[in-house]
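For clarity, chains are labelled A, B and C in written order, and residue numbers in each chain start from 1.
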C-alpha cells in the first residue's frame, strides 16, 4: 500500500461529516451516503444524522471517483499549456479523483526525481490524486531503458510506464521493457504507432485524407504494433496496456488476444467514441489529435468493444495546448484535445444513452479498471461502507453547452466547443472532501501538502 | 387604379393591362419607332457613310441589328462591316452593388471605330450611367469622329449630363416604376432556352408575339 | 462567391459563369489596350508561402489588367520565415486594406483556414494549397478543354459545360492538387475523368472518387480520350520508393514519342495538356510537348483570363 499518498485512503479527521441524500447509486437504487472523515461510513435507503452537512443528490448518479489512466499535465516544462494545479482542477471538475500523468514533460519523467516532483505537485494541489507515469526509455527516445526500478521504488511508486506520444517501436526494447516491469508488477502502456508508416502523418488515411491531401495515418500503423505487442506480451508472460486504441482492426486484434488468454488491456478515448475524420474537412486544428479521428465504422466498433469488454477503460488523453499552437495551419498545429471536463458527458452520450453500457459499467471502465491497471491503491474502489470516500455525483438529466472558455484547464482546445452534451458533474468528493459542490470548484483537500 | 382591376383581368390576354403592368409599346409600335429612328440617323449623318452601330448588351444589340437591317434596306449600309456589340460591364461604376455581373462579348465591327460616326444603341435610357460606361469602353476600342446615342425608350431621371440623339419613345415614369423591354431575340421561350449562349434568330411572327415595352409598378 | 477555395464547392452554374467570364477576359487580351477599370482602387495581395513564379505572375498580371493594386508578399526572407504565424501575417495584410488575398501555401487547408478562422475580412483565393486543391489551375484546364471541343465542333464555348468529354490525368495523383481540383471541376461540368498512375502514387480512398482508376497508360489512351494531362513528377519521389527509377517511370507512365505516334496513327483528336513546369523526358517527351496537340501555352494564356474572371467575380457584387 502506498502509505505516502495521504489522499489515497484512510481516514481524514479534518474532512468532516457529509450526508449525500437521495443519490442514485450506480444508477440502480436510491440511497443516502454518509461520509465521515474520508471514509464511507454508511449507505442506506434513509439516513438521518443531525451532525452533518447535507448534499441533496436527488436524481444524481453516484459513481466512484473517476480514475484517468491517460492525462497530460504538461508540468514540468510546458506550464503555458497546463500545470498540475490547473490540470487537477480540471480533473476534479470532471469527476476525477485520480489521474495518471503521462511522462512526456520536459524534462521527461524518466528519473525518480521528475516523477517525485510531479507526484509532489499533485499532493500539494489537493484537487485530485496525481499518479505519475514513468517513461519507458530515456528521453522517450526509444533507445535505452529509463530507470524503471528507481521510479517504481520512489515516493511516487510508479507502476505504469509509457513513452506516450511516441511508440516504443524497437521490438527488442519493447520486449525488454515488458519483461523488466514485471519486477514491480508494472505495466507498459504502449502508444501504438509504427513510425515509418506515419512519417508526416496528419490525419486518418482514407476517403477524407484523399480529398484533403493531408498525409495519411493508416490504421495498419496502429494495428501492426498492437499485433506485435500482444504476441510479445504472450511470449514473455507480461501484461501490456494499449493506449487510445482507435481502429476497428485494433479492436479485433485485442479481442483475439484476449480470447487467447493474453494479459492485454485496452483504452479508448472519449473523442474516438464520438468524433470522426469528417470533421477534418473544416481544417480546424482543434480536431487534430494522435491517433487521429477515424471513420464512423471505427467509432461504432469502439463503442461495441467497450460494451463487450474488449476495451477495458476510457482514458481521456487530455492534451491541453496553448491557443497559438492550435490557431494556425493544420500541419503546423499541435496534436491533442482537452478531455477531463467533458469525458463523463461524452461517455453518457456515446455509451449510456445508446444503451451500450450501464452506469455500473461506467464505474468499471472509468474508475475500477483504470485503478487496477495502474495498481493504484485506494482508488477505483466500490461504493461500500468502509471504502475511501471518492465519489462523483453526476446529473444525467442536465445538459451542458460546452464552452472551453469556462474550463478549469488552461487548454481551450476542446473539440466539443459549442456542442450541447448530456449530463453535468454536480459534486466530486476526494478522500471525503468535496472539491466540487453544486457543479462549482470549492477548496482543495485540507490535507493537501503545504496546507 | 389599375392595381384593383387587374386581378380580374383575363391572364390569357397579354395585350391588355395585367397585374400592375401597363403595355406602352406593342411590336408594331417598336418597329415603327425603329424605322423612324433609322431615318433620323441617316438624315443626321447625311447618309450611311462612316456610320457604325454598336449595340450595348443585352437588348441594345438586337435593336442595333434591327436598325442595321433597316439602314441597309433604306440606303447603302453594310451590317457585316459596320455593326458591332460593345459590352460595358467592366466600366460600370456600380460593380460593388447587386450581384456580380458576367460580362457579355464585345464584337468589334470589321471596319473598326476609328474616325467613324458611332451610334450607341441601347434599349432604355435612365440614369445615364450605362452610357457613361459605354463612352469609357469606347475610348479603349479606338477614336471615333462622332459618337451618338439611340435608345428605344427614354424614361427620364438622368443622373449624369447625358442625352439621347435619337429616341423611339419618350416615356415619363416614376422612379418606383420599372420599364421592361422584351425582344423576341432574347425573350422568346426559344431564346430563353439558349440562356447565356446568346440571342436567337427572330422571325416577324416571333416579334409580333414577344416584342413589347411595359411599365411595371 | 465569397472565396474560391476549392473546385469541389463550385456548382455547375458557378463554374460556367467563371468560364464565360474568362472567355470575355481573354478577348480583352486581344485588344490594343489590355486593361479594364473594373477593380480600380482595389488591393490584391499575392501571399506566396511557396515559390511559384509562374502562378504568381499569372495572378499579378490578371489583377493588373483589371486595374487593381497588387502587393506581392513572398514568405521567403520575410517575417514569415522567422516564425510569424499565418494569423499575424493575415492581420498585417488586413491592416493594409487588402480586398483579396491570393494565397499559395505548402499546407493543405491553409487558404480555408485563412477564410474561415475569422482573422480577416478579405476574399481568399486559393492559388494552390499543399496536396489539396488548385482551383484556378483546374478552371484554366476546363477553359482549355472547352475551347478544344468548340474548335473541333465549330461551336461557341459560352454557356457550355464539358458534357461527354473524357480526360485522362496521368502521374502523381497522390500528391497532386491539380488532379484533385480537376477531378471535382471536370466531373461537375459533365466530363469523365480517368486517373493513371503507379499504385504507389494513388491515394488510399481513391475508390470514393468520381474517377476511373487504371494503372496502365496504354489502356487509358486506347479509350480515345479528348485530352491527356500529364502531371509533373517530383524527382524526389523516386527516393521515397514510390517508383524504382526515372527511366522506368518514363517508360511506363510517360507520354513517349511512341505513345504520341500511336495517337497520331489512330487519328485521335486527343489534346496534350500539362500544368507546367514540364520535366521533358520524364512524364512528357519533347515530341509530345512540342506537338500540335499540345495546349501548354494556351493553358498559360488561359490562366491569366481565368484568374481575371475569378478576381472580378470575387471582388464585384454586393457583399
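As a working rule, a contact is a pair of C-beta atoms (placed from the backbone, for glycine too) under 8 Å apart; a residue touches a chain by one contact, two chains touch by 3 or more.
Note that the coordinates shown come from a computational prediction; the quantities given were computed from them, not determined experimentally.
Of all chains, the one whose mean C-alpha position sits at the greatest distance from that of chain C is A. A comparison of C-alpha centroids places C closest to the centre of the full protein.
If each chain is reduced to the centroid of its CA atoms, chain A and chain C end up 47 Å from each other.
Centre to centre, using the average C-alpha position, chain B and chain C are separated by 39 Å.
Distance between chain centres (mean CA atoms), chain A to chain B: 75 Å. Here chain B touches chain C in the complex through residues 87, 89-91, 95-106, 136, 140-141, 194-198, going by the rule given at the top.
Of all residues in chain A, only 202, 205-216, 218, 282-284, 324, 327-332 touch chain C in the complex they form. Those residues of chain C that touch chain A in the complex are listed here as 8, 85-87, 105, 107-110, 112-113, 116-117, 129-133, 175, 177, 180, 203-206, 208-209. Put simply, chain C touches chain B in their complex at residues 1, 16-17, 20-21, 23-25, 27-28, 31-33, 35-38, 66, 156, 158-160, 312-313, 316-319.
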